[in-house]
Amino acid sequence: MSKKSLVVEHLKRAQMLDVLTKGVRLDGRGLLDYRPITIETGIIEKANGSAKVRIGNTEVIAGVKVQTGAPFEDTPDQGLLIVTAEVLPLASAYAEPGPPNEDAIELARVADRGIRESGVVDLKELCLVKGKNVLAVFIDVSVLNVDGNLFDAVSYAAVAALLSSTMPKYEVTAEGVKDTGKTIPLPVKLTPISITMVLIGNTIIVDPTLDEESVMTARITIASADKNTICAGQKGNPGGFTEEQVMLAIDTAISKGEEIRKMLKKSVGHGKKQK
Amino acid sequence: MSKSSITKLLDAKGVRHDGRKFNELRPVTMKVGVLENADGSAYIEFGKNKIMAAVYGPREVHPKHMSVPDRSVLRCRYHMTPFSTDTRKNPAPSRREIEISKVIREGLEPALILTDYPRTAIEVYLEVLQSDGGSRCASITAASLALADAGINMRDLVVGCAAGKIEGRVVVDLDDVEDKEGEGDMPMAILPNLGQVTLLQLDGRFSRKEFDEAFKLAKDGCMKVYDIQRKALMEKYFGAEETGEQ
Amino acid sequence: MSKSSITKLLDAKGVRHDGRKFNELRPVTMKVGVLENADGSAYIEFGKNKIMAAVYGPREVHPKHMSVPDRSVLRCRYHMTPFSTDTRKNPAPSRREIEISKVIREGLEPALILTDYPRTAIEVYLEVLQSDGGSRCASITAASLALADAGINMRDLVVGCAAGKIEGRVVVDLDDVEDKEGEGDMPMAILPNLGQVTLLQLDGRFSRKEFDEAFKLAKDGCMKVYDIQRKALMEKYFGAEETGEQ
Amino acid sequence: MSKKSLVVEHLKRAQMLDVLTKGVRLDGRGLLDYRPITIETGIIEKANGSAKVRIGNTEVIAGVKVQTGAPFEDTPDQGLLIVTAEVLPLASAYAEPGPPNEDAIELARVADRGIRESGVVDLKELCLVKGKNVLAVFIDVSVLNVDGNLFDAVSYAAVAALLSSTMPKYEVTAEGVKDTGKTIPLPVKLTPISITMVLIGNTIIVDPTLDEESVMTARITIASADKNTICAGQKGNPGGFTEEQVMLAIDTAISKGEEIRKMLKKSVGHGKKQK
Amino acid sequence: MSKKSLVVEHLKRAQMLDVLTKGVRLDGRGLLDYRPITIETGIIEKANGSAKVRIGNTEVIAGVKVQTGAPFEDTPDQGLLIVTAEVLPLASAYAEPGPPNEDAIELARVADRGIRESGVVDLKELCLVKGKNVLAVFIDVSVLNVDGNLFDAVSYAAVAALLSSTMPKYEVTAEGVKDTGKTIPLPVKLTPISITMVLIGNTIIVDPTLDEESVMTARITIASADKNTICAGQKGNPGGFTEEQVMLAIDTAISKGEEIRKMLKKSVGHGKKQK
Amino acid sequence: MSKSSITKLLDAKGVRHDGRKFNELRPVTMKVGVLENADGSAYIEFGKNKIMAAVYGPREVHPKHMSVPDRSVLRCRYHMTPFSTDTRKNPAPSRREIEISKVIREGLEPALILTDYPRTAIEVYLEVLQSDGGSRCASITAASLALADAGINMRDLVVGCAAGKIEGRVVVDLDDVEDKEGEGDMPMAILPNLGQVTLLQLDGRFSRKEFDEAFKLAKDGCMKVYDIQRKALMEKYFGAEETGEQ
């Protein structure tokens, strides 16, 4: 991504700013419009849950695996929730194989905060035997094609995969923990929705394309848990926001969040019926 | 390859656990040109295998000193997503993935006219979204489609199919269960028009005669896959009727 | 951010577990120019946080191909010593440290005139000798002092302070206990004169109204820290009376 | 090894092809002749078994260590067998210290398949207490000097080391697993023999030297367990074989395999008596 | 450090040698004089013990953490003692972030030997339940500013941190190991003192600055446990010592060691009272 | 170095557990020129130590920027095979191996005239096939033979031998048992003709007087090893009668 300055030339930047001042974008969208979003679930049969999300040409796939494990020492009565994100080398001419770089780590950690810290999954319901056996939920997200706004795409895929997940039902007997062979839904309590906005010139737009990201000065991602609750935030990129811009970002995150939450829930419900 | 067979792999009539005959492939679909950014791409479903292939190049070599004056450097990475396997896979590349990346690369190279692209790199990325038996064969098939889609000059396509042995019987195209419970597996890839075997691996135990049968079954399997592969290419480039994965 | 609150974080009168009011900062001391070799350095104590900041540069970029023709490359490493935490920390950089290094770097960059130093690198090293809640805010404050001490051209200082939520109440500057047992944390950094928010993170849950309160408390906290920061700079450069850590 | 093209010039290649068409090789061997092979066992007293193998100037050393450990979850009644191979930096001007590259990984994995997958060692006899205590057999092979055909040298050294190995005899008592202080042979059931062939021009030769490898187009390694059973195969290098060439390779692997199997068994038997 | 040849020019070297032949050094010290040493303890409240040491402009900080763990298999009745040392990137223009290089590894291992091998801490007193629960003592030393003689600074900081450490008092009950909430001192038996000397021309000096190290030919570090016992030694750098020089180094290490041992004990005692 | 002595290391007559006297070395054999590809090589057996040494160079430096204009860069890697130790050793280089590589390199360098080979690298690889007490001393001895075999210009050979302390008595050349159960070990290497000590390490506890004894025993031991070393070189180059390992 450090090479994005090479991708979009100065002319494009001027043109983009020019158009933005008129309240529209190069691809014709309004400032606060998302590109078309599609969400499919249940596409990886071997996973406990899965989802493929497209936002415009950005495409990611998420899989959920539930396994038994040992709890952390300081939370003996809670299950584990681990989120990873990787930009696959096939996703972009600039992605490279190898251990995750700082961009990929930020991507995964912001998704993780939006899910784990906000209490989406009730970790106490994942405890089988206190201090000994818990369920570990792995949410692994792979980016298949990069065209901007990875934060939201990763977040929607992770949430949709979680919402469509089941987990094995275990019985705790005198001899130990036993898989009953039945499955139950994951205890998902919330549907956090992340909204990413960027600053170009003095204009804030949502859902930036890769071209738009190449000329942005700052990025902010805000997740809401419902129409009155913010549950994660991350400012990124070497630039700043004024207080007014931050407040606009919060309001936008809440209102757009409601829209997308409905759409996502509908998609997942639809996916479940299909299965 | 454990000998303790829990599953019954063949019934009295020689029907396999999923209903196939000894010489029958699993369902296969392919699609060319599925990723926006890649110079070429393809997607394959082969049984439960779901594999994405992308090609970048010919392009500049990084680091530069790895470039070769008279031809392109072919690179290949075969990788499995953590959710692609029964038990979650660690995302770091395993020794198995590194070996498979190598044999796929070496299996593709004879089909490519690398001397047409001096001082460049051609990079092939294979991502197994869901794995089943035979993922390396499905991968090399998809990789060759993605290379064609990228417009790389080729002498032939490459097409892969395995044969194996279950309960003493040689059969084509093992799935995961057959691979685990069976007695042998022989993945193979060929250049269908040039008649070259460019990938061949074998484990388990085969008598001399069983090897001949396995070779024939794998070769016939490859030719069947080749038909599907050609159709997928034509659909992309000549707008034939749409099939396979959306 | 566990919901099981062992400690009583607020008493009936709204006093916090360490005796502070909702809008009161922990004790803060800063000192500029504390390391011999670094081009600039600063030391901060913020509650129990003890953090050393050093700047090297502008200097040659290694490796060379990472240099940029029209400006300096800013680098930043936030790192914790193994003995800085309650349970010993593995010395290898964690994913948390890598992310914090990034947000601090991006929070500092708007304050720096990097175009004044083309083809160079400016490196900021932050070493947390003892950690407490709010270490990234204390770090960015110390880093900006060390950058000023190194004589780097700056548009403004950068100053950090968090707000958070404990037992339903929004308060400024969480310590470790409040961070662990509380319901939300929002670290922030601003350019006090330019009125820019350059670092902002949030976890836990805040209603729209609580966010506004938190933002205001964090901003006011930043301005209080800024006073101390300016004094520390003046002490170094204008020999004002000595305060803070020796 | 990627630099081998620098080692042998075009002239040499022409000369080599020229000689091969006459059915002989630069060093005077016939197309299907091995260089002299020597196998010594019992050379590392601290190992449970060991062997040094020379094929011409290629030289490798293998050591076997047997330790107690826990079984894999999905095979609770089986011991472990782990094969590694390393080309030591002292073995060649082109070998480098560091983690194993793809060539070394392929080398180790092919040796591993030839041994583990073919059932050479009865892993069930390495189980002490099901699901709890098993024996782990490590076979580590180090290449001391590189002059072609590492696959066969590594394989012979591993097999010879295994055949000459003993392991501690354990007693399972109420209190746990106890070393009796006695040793018994490792339960080795087969003597798999790997035969490596390469294609130069249209000619297949066995046991290539480094010079020959530098001009080959394709490599194939076939291991046989006995005179009618193939137990491992690996095609390598960026080239292909015709069907006829594959069949010739199989036949050759079986017939040469029998020869070398006898020789190896004799050497190991001899080594045992000396000890 | 490999770049030190760039730091001090040839002229400086000549000047340095010239002065040394007169028995004094560029900073006015005698050949066997240390720079001013300051030792503060108890500065990291979250650690079980800590110390900051300055020798001239060289500055290091050490922290001790005591945790429960499992013993090594071959010493089931002994606790663990682990010493690490890191030259932080903020300590010098030539230090780099990343895994420890060979200089840092040598630094840590020499400190470790001076402490662990010499029996400073009675590891048997750190055993709670034989073969099962022991205490692990981590001594992590970070170099904050580099100006020569890191070996001694790291060693003094480690010893001072140990001497000022406490550890939790545990009770072993039928149900397991329980923290009583009380603390007791670490069982520290000795105060080993390391003395580092370097050879410049034919002159041996103690406590070299970075400039002096840049022109030295060889280094020797000798630790003494008391006024008649040597407990660790390490020759470093690509140069050699004559037998006479080695003997002088030993004698110097013992006599200077006594001086510094007294000073260090006094500083630690002082630190304890302050706390 | 545990104090709990299970083995009786010295009997009433001062005879060691393997029958040696206090000043007696274990059996030593050396052979020069044992590896085909290396520019120089040597093999040593020292007690149960079995160590292979190889030298490559002087040759081009990789990466190039590591080269030095006025001399050769000496590199050294001491490494143990996984099967060389009582318990299997992880093949990745340990911190111990990295430190020993360093002290061996620094112990060899004073013997070499590196200024004769500007802008090159000389690489020394030591592979311990079986380890016993004193492997670093045996390694440096073998390395110096391999350097001579490679024709590198040298001021002197380098020869290593340790002394140690068992049951209160100072003795030469500890083996594994004595090293583990004894009270101190002092590995040393010297340039026998130039009278320089170029490797010296010490752990355990020695009184001032014991140190003197240990130093003398180690030095005498080195001179005995030097005799064997010279003979091994002469056998290679002047065809003297064959001895030692085949």
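In this document, chain identifiers A, B, C, D, E and F correspond to the written order of the chains, with residue numbering beginning at 1 in each.
Keep in mind that, in the parts below, a contact is a pair of C-beta atoms (placed from the backbone, for glycine too) under 8 Å apart; a residue touches a chain by one contact, two chains touch by 3 or more.
Only a predicted model underlies this, so the values are computations on that prediction, with no experimental measurement involved.
Least step count on the touch graph, chain C to chain D: 3.
By the document's definition of touch, chain B and chain D have no common neighbour. Chain centres were defined as the mean of their Cα atoms; on that basis the chain farthest from chain E turns out to be B. When you average the Cα atoms of each chain and compare centres, the chain farthest from chain D turns out to be C. In this entry, A-C is the pair from A-C, C-E or A-B that repeats the interface of B-D, since more than half of their contact pairs coincide by residue number. The geometric centre of chain B is 52 Å away from that of chain F, both derived from CA atoms. Rounded to a whole number, the gap between the C-alpha centres of chain A and chain D is 48 angstrom. Centre-to-centre spacing of chain E and chain F amounts to 27 Å, using the average Cα coordinate of each chain.
Separating the CA-averaged centres of chain D and chain F is a span of 32 Å. Contact with two or more other chains is made by no residue of chain C. Chains in contact form a single ring whose order, set by starting at chain C and proceeding to chain E, is C, E, F, D, B, A.
Against chain A, in their complex, chain C makes its touches with residues 1-3, 74, 95-96, 98-99, 101-103, 105-107, 109-110, 186, 190-191, 194-208, 211-212, 215, 219.
Residues 43-47, 50, 57, 59, 61-65, 67, 84, 86, 88-93, 97, 99, 138, 140, 142, 144-147 of chain D are the ones that touch chain F when the two sit in their complex. By the touch criterion given at the top, residues 75, 102, 105-106, 108-109, 113, 117-119, 220, 222, 225, 228-243, 246-247, 250, 254 of chain E touch chain F in their complex.
Against chain E, in their complex, chain C makes its touches with residues 35-38, 41, 48, 50, 52-54, 56, 59, 77, 79, 81-88, 91-93, 123, 125, 127, 129-131.
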